[in-house]
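Each of the next two complexes has chain A plus one other chain: chain B in the first, chain C in the second.
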Partner chain A sequence: MGKIKVASVWCEGCSGCHMSFLDMDERLVELINKGLEINATPITDLKIPDEGTDIGIIEGAVATDHHEEEVKMMRERCKIIVALGDCAVFGGIPTMRNYIPREELLERGYITTESTVDGKIPTSPEIGKHLPKTKAVNEVIKVDLYVPGCPPSADAIYYVLKEVLEGRIPKLEGELLKYE
Partner chain B sequence: MENIKIKVNGNEVEVSPGKTVLQVLKDLGIHVPVLCHYEPLMPQGSCRLCVVEDRGVLKTACTTPVEPNMDIKTDTPNVINSRKLVLQLLFSERNHYCMYCEVTGECELQDLGYEFGLDHFEFPTYERRFPVDNTHDFIMMDHNRCVLCRRCVRVCSEVAGHFVLGEMERGIDTMIIADMDVPLGNSSCVSCGLCAQVCPTGAIIDKRSSYLGREVQSEIIYSNCDMCPVGCGMEIYKKQGANFIVKIYGDWNSDVSHGLLCKVGRYLSLYDEKDRVVGIKLKDDFGYRRLHEDNLIEIFKNKLNNAVAYVDGSLFNEEIEMIKEIFKDKVYSLYPNNSPIPTNINLSELDNKEFYVVINADLNREYGAVGSIVKRNVIGKKAKLMVIDKEFNSLAKIADYVFNIKDPNLAMDILKKQKEVVVIYKDITEEEKNLLSSLNNAKFLHLPKETNSIGLQKYDIKHEKVEAENVFIFGKNLEGIKDLPIQNSFVVVFTPYEDEVLRRADLIVGITNGFEREGSFYNLEGKKLKKEKVLKPDFDVLDLKSFLSTVLGKTEKVF
Partner chain C sequence: MEKKITISPVTRIEGHARVTIHLNDEGKVENAFFHVDQFRGFEKFSEGRYFAEMPVITERICGICPISHHLASAKATDEIIGVEIPRTAKLLRELIHMGQIIQSHSMHFFELAGPDLILGWDADPKIRNVVGLIQQNPDLALKAVKLRKFGQRIIELVAGRRIHPTFAVPGGVNSSLSPSARDEILSGIDEMIGYIKEGIKLAEDFIEKNKELCDKFASFPTGYMGLVKEDGSLELYDGKIRFMDKDGNIVKEFKPQYYLRYIGEKVEDWSYLKFPYYKPLGYPNGVYRVGPLARLNIADKISTPLANEEFKKFKSINNGKPVEGSIYYHYARLIETIYALERAREILEDPEVMSPNVLEVGEVTNEEGVGVVEAPRGTLIHHYWVDEKGTIEKVNLIVSTGHNNWAMSKAVEMVAKAFVDGKNLKEGMLNRVEGAIRCYDPCLSCSTHAIGKMPLVVELYDKDGNIIDVIKRD
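Let's look at the complex of A and B:
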């Protein structure tokens, strides 16, 4: 079997899903022996996936214009897009802010918090701008596989990658399909 | 009626007419997902999860009666896709992000999501924010989790009889409301908790049980409520390996209450905050001193000469029997316990009557389960209601006739004209008793004051005040001690709760209570019911039943 190139990004998430990925432990070695090649990921600290990457894994919801660019680039460069975890799949915890106007939210976060002195809302162009609404990844690009869970179990991630490596389309069921 | 022939998934079956497609499929062991459907409630066919195909047409199994020549298919792509679409719509209409939800892990909507392999939302969600109503003492309503199945509305009317919940607006704008859209805490809700029990999602949750644990982590114990003489069937969820109760549900299979419970049984029995009597305390010149358990039996036996016992209706049959054995029939009741007119109707027969008379009992506040039965017939089925009370009675506002006790003749004239009346009464005078007894079209249900009043009657324990050198009192409600002729007696009290009048006692013994003790009692219908022991006492208290059997030499060890 040839190599299967995997890239991943971390948008509006907590990194828990990547932790769960690492939680596959020695099974990661097994997958690598089977042909999994880990390319641009927060783990390898490379940001731009190669063209023609086979699997693009996205952790986190789409909350800012930067996230939007990132997931669009993933879509362009990867054959199969996997939404990993509740934030990417459903929008998850970051969607909490959808019910509060953006200005009010930033004001509260950066200025009126009890512990803040001389607060200021950051304006650097390096920081992404909040979209009007935090979205699940499938509201922005087409997603091929969904792995819900907060975070999804290492078992679920292992199952999905193994199935893809062996040329099947994974379908999560039973203990592997969890919304929390 | 003759059986009819239909086809189910290609096989011919004979079924009895009058059944719904859902019932037939269930009998055949074919699983059909449901959401709005709930067994004791009228089916309404609104969620469309139970759809099946009949000759190419999708029909809701829960509301469609079987007809000859039906050709039912339960697993065609049309059926499965239609159910999946409904689920997708349900998940995205409001906020069903399970991570935050109190019922995740035992939610019927979530289970359906898993069953159909739903692994993402197909429609944009979290578009609207719905209110959360936290004004009620015992339940919280989070409209963000509501799937508009109307189980709560139906159970509150059809079963609980309170007609508090309803709905407003239409379509996806529908909101479940209390009364004329007031906060639940300000509404006419009587806190029976049935709506929270039947809600399939996290839209109505029981505040106390929140986050205490899941049903799968609980041991289920079936018991009867002993907070009043109704004795409703309880399904008690006790956390496995722990000493606390997660929640209490009404038991649909109880042949007393058929699922009903009231605020007292479901909630107040778990919120007991009264001070407990701890240990064994003997009065001496300096006040009370704690006595060792071993000394108690000795003192107890020494004082049995020239002794009488008083009991109240909180005692179980087993305890009463042993007290009778020990005190050689010198046992008296602290309170009157007779039924002026004997009960001749049971709770299961109480529905579907045309005329109810309620005397001196506010059934919204006490005997809640009886109140539910009366109200669901009066409000739901237009039965007539007459309320006779010396005091304010909240049932008066739904009554057709309200009488003050002073004009009995007018009431009697109306009652005599009825085909049949059911008289549900608490305290009545001798004169009222005579009047009512003269009705030959009446059934009577007496509401005794104490849980086991009927038990005391059966054991022939009379309410008398007798003097004796040593007086033993057993019970929960000690009010009656004040009227006893005990000025010169040595007074021993076995009781669970601290009370002012205990100052009069020479020896005080703290005993088990509520879910810490087991035993049987006779409810108001005269049915013998069992209360189970669910918890270990948190205090140093004595179990009366074991103590008495040790005194009688029946068991070795008491503590």
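Let's look at the complex of A and C:
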């Protein structure tokens, strides 16, 4: 069993997939002890994946120009891209807003909500610009492996990582493959 | 000429955020901003859905505290059908809420913010994380993993699954508790209290050794808000909202349903996250904080014995006055975890918890409903308006992290001014800036720890706002 380097990122999602990753509980410690090296992820300090990272896990849909940049960087730097969870695989709940013009969404959020006083729509260049359409990850970059579920179970995530650690290509079946 | 340091993305909050630190010609910090870089749109795209779907849709706002959204939403739908839910259903909802508090709080302390305190703010960013903790102190790291697992297991045993369950419904919950689930949870509580006490010892040692830092680091006056029980003790699931001003006076207590009279939200151009404030005092005079520190500041006591002993120590930090230092959030978070474990035991020892009477059926009778809980990060408000068929017409949400937005921005600015030297920039300085945000455990907790080998970008602007130079470092 060799070493594998894993990076992850969340885009437009709820972070439930990363929580499911942590739900591996003691098995996460086991994988780390077996050679799983956690590179740039939300649970470590490193921000940008190293060149030649083995697995890049993406949670969430692609909704802003910032997300687009991030998934493209993941594609450049990682050998295998995993779309983790329904938002990354299909677009998920975030795509519910594709049926509503962006201006209407923002107007409700920042002007007409009952608790908002003297509202306005934020425009600073520091914050991401919404894409015309919120997209699944494979609409932006090539995806190698899909792990659906909202979120996918910790068992499914464990299986995927363990298979790659042992040099095999994971094939999700049965209880591990759930669409919801 | 202005120089700007950008920390992007800050990974420990729900979605995306960045910090910009603006320097003057001498390399000193002029000001700093905390930009929340994500807008989801749940308020809008929930319109037109059937109201009973809301507890399942809105929990997708957050995978870290889905239970909080699930429950606030279910409480709002209870009001729409105008029923008082069975006491057993209320106990079971509160029980999974305690599971949520246990998993979220313990994860944040041990796995996210903890490495700063345990390994040091200036520790090598490569090891300043949970993996480093596993390598340095495997015994402690394993206990941390087990604590979080215990909280998640409560949710799984009671509600069917750990993340995004379909348990709470308008009028109650959809299944009763099994004896084996009750026994499994009860049998683990003492061991978990032992683990969290080790965390408290760590926090107390840190505070004792770094008292001056804890009293000064991102310490500033604000109001405080949260739920309390009728007798003024700490409450996380139900109760009345108490507002305390910056001098420590309780200036208002009100039913959650009246929140719109007291809470307004300001929009700033540089953030997608709004800035709530206490309306009678205006903005920014009425800014306030929520979450563990705020809840302990406003509470008179804690109703469970072990947590109340720790609470007395907390109150002595500033002689009974509000505790203002942001680092004390970590300490308060651990005290609440003891409460959640003790409260879980109380619930499970209540004879009514095993009753099969868990649902009160009703029809759409009210045009609106408000549901409020104390999520791990603070007061969470869901407000829905429906038509006569129960179709959602409008939604207003104020999420926990939002209430702390002003405070996080203030903390970032204070810490940047105190620690960042633009002419002699070190990674640990910027890590402290993110450490200030980390105190508030902004949603997306799985986020870590921020910076480390961060992609630091310093942009130089001319007075017209054009970038004339960019310095990057890996």
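As a working rule, the second predicted complex is superposed on the first by the 177 of 180 C-alpha atoms of A that agree within 3 Å, B and C clash if a C-alpha of one lies under 4 Å from a C-alpha of the other, contacts with A are read in each partner's own complex, and residues count from 1 in each chain.
The criterion applied here is as follows: contacts are C-beta pairs under 8 Å (C-beta built on N, C-alpha and C of every residue); 3 or more make two chains touch, one makes a residue touch a chain.
Quick caveat, the model's predicted, so the values are computed rather than measured.
**Student:** Look at A:93 in the shared chain and tell me whether it touches chain B only, chain C only, both, or neither; answer first, second, both or neither.
**Tutor:** Both chain B and chain C are touched by A:93.
**Student:** Once chain A of both complexes is superposed, is A:173 in touch with chain B (first), chain C (second), both, or neither?
**Tutor:** In the superposed model, A:173 contacts chain B only, not chain C.
**Student:** By residue count, is chain A touched more by chain B or by chain C?
**Tutor:** After superposing on chain A, more of chain A is contacted by C.
**Student:** Please indicate which partner A:143 is in contact with in the superposed arrangement: first for chain B, second for chain C, both, or neither.
**Tutor:** Only chain B; A:143 stays clear of chain C.
**Student:** With both complexes superposed on chain A, which partner does A:15 reach: first (chain B), second (chain C), both or neither?
**Tutor:** second
**Student:** Of the partners chain B and chain C, which touch A:83 in the superposed model: first, second, both, neither?
**Tutor:** first
**Student:** Considering only touches as defined above, state whether A:106 meets chain B (first), chain C (second), both or neither.
**Tutor:** second
**Student:** Determine where on chain A the residues touched by chain B overlap those touched by chain C, and list them.
**Tutor:** 92-93, 99, 150
**Student:** Please give the residue numbers of chain B that touch chain A in the complex, ascending.
**Tutor:** 97-99, 104-105, 110, 113-114, 117, 119-121, 124-126, 129
**Student:** Where on chain C does chain A make contact in their complex?
**Tutor:** Residues in contact with chain A: 9, 11-12, 14-16, 18, 20, 33, 35-41, 43-45, 57, 60-64, 66, 107, 111-112, 125-126, 128-131, 134, 138, 141-142, 145-146, 148-149, 152, 162-164, 259-260, 263-272, 274, 276, 279, 283, 383, 394, 396, 398, 443-455, 474.
**Student:** Could you list, by residue number, the parts of chain A that touch chain C in their complex?
**Tutor:** 10, 12-23, 25-26, 28-29, 32, 38, 41-48, 64, 66-67, 70, 92-94, 96-97, 99-100, 104-106, 108-110, 113-124, 126-128, 130, 150-151, 154
**Student:** Okay, in this complex, where on chain A does chain B touch?
**Tutor:** That would be residues 83, 86, 89-93, 95, 98-99, 133, 135-136, 138-139, 143, 146-148, 150, 171-173, 177, 179-180 of chain A.
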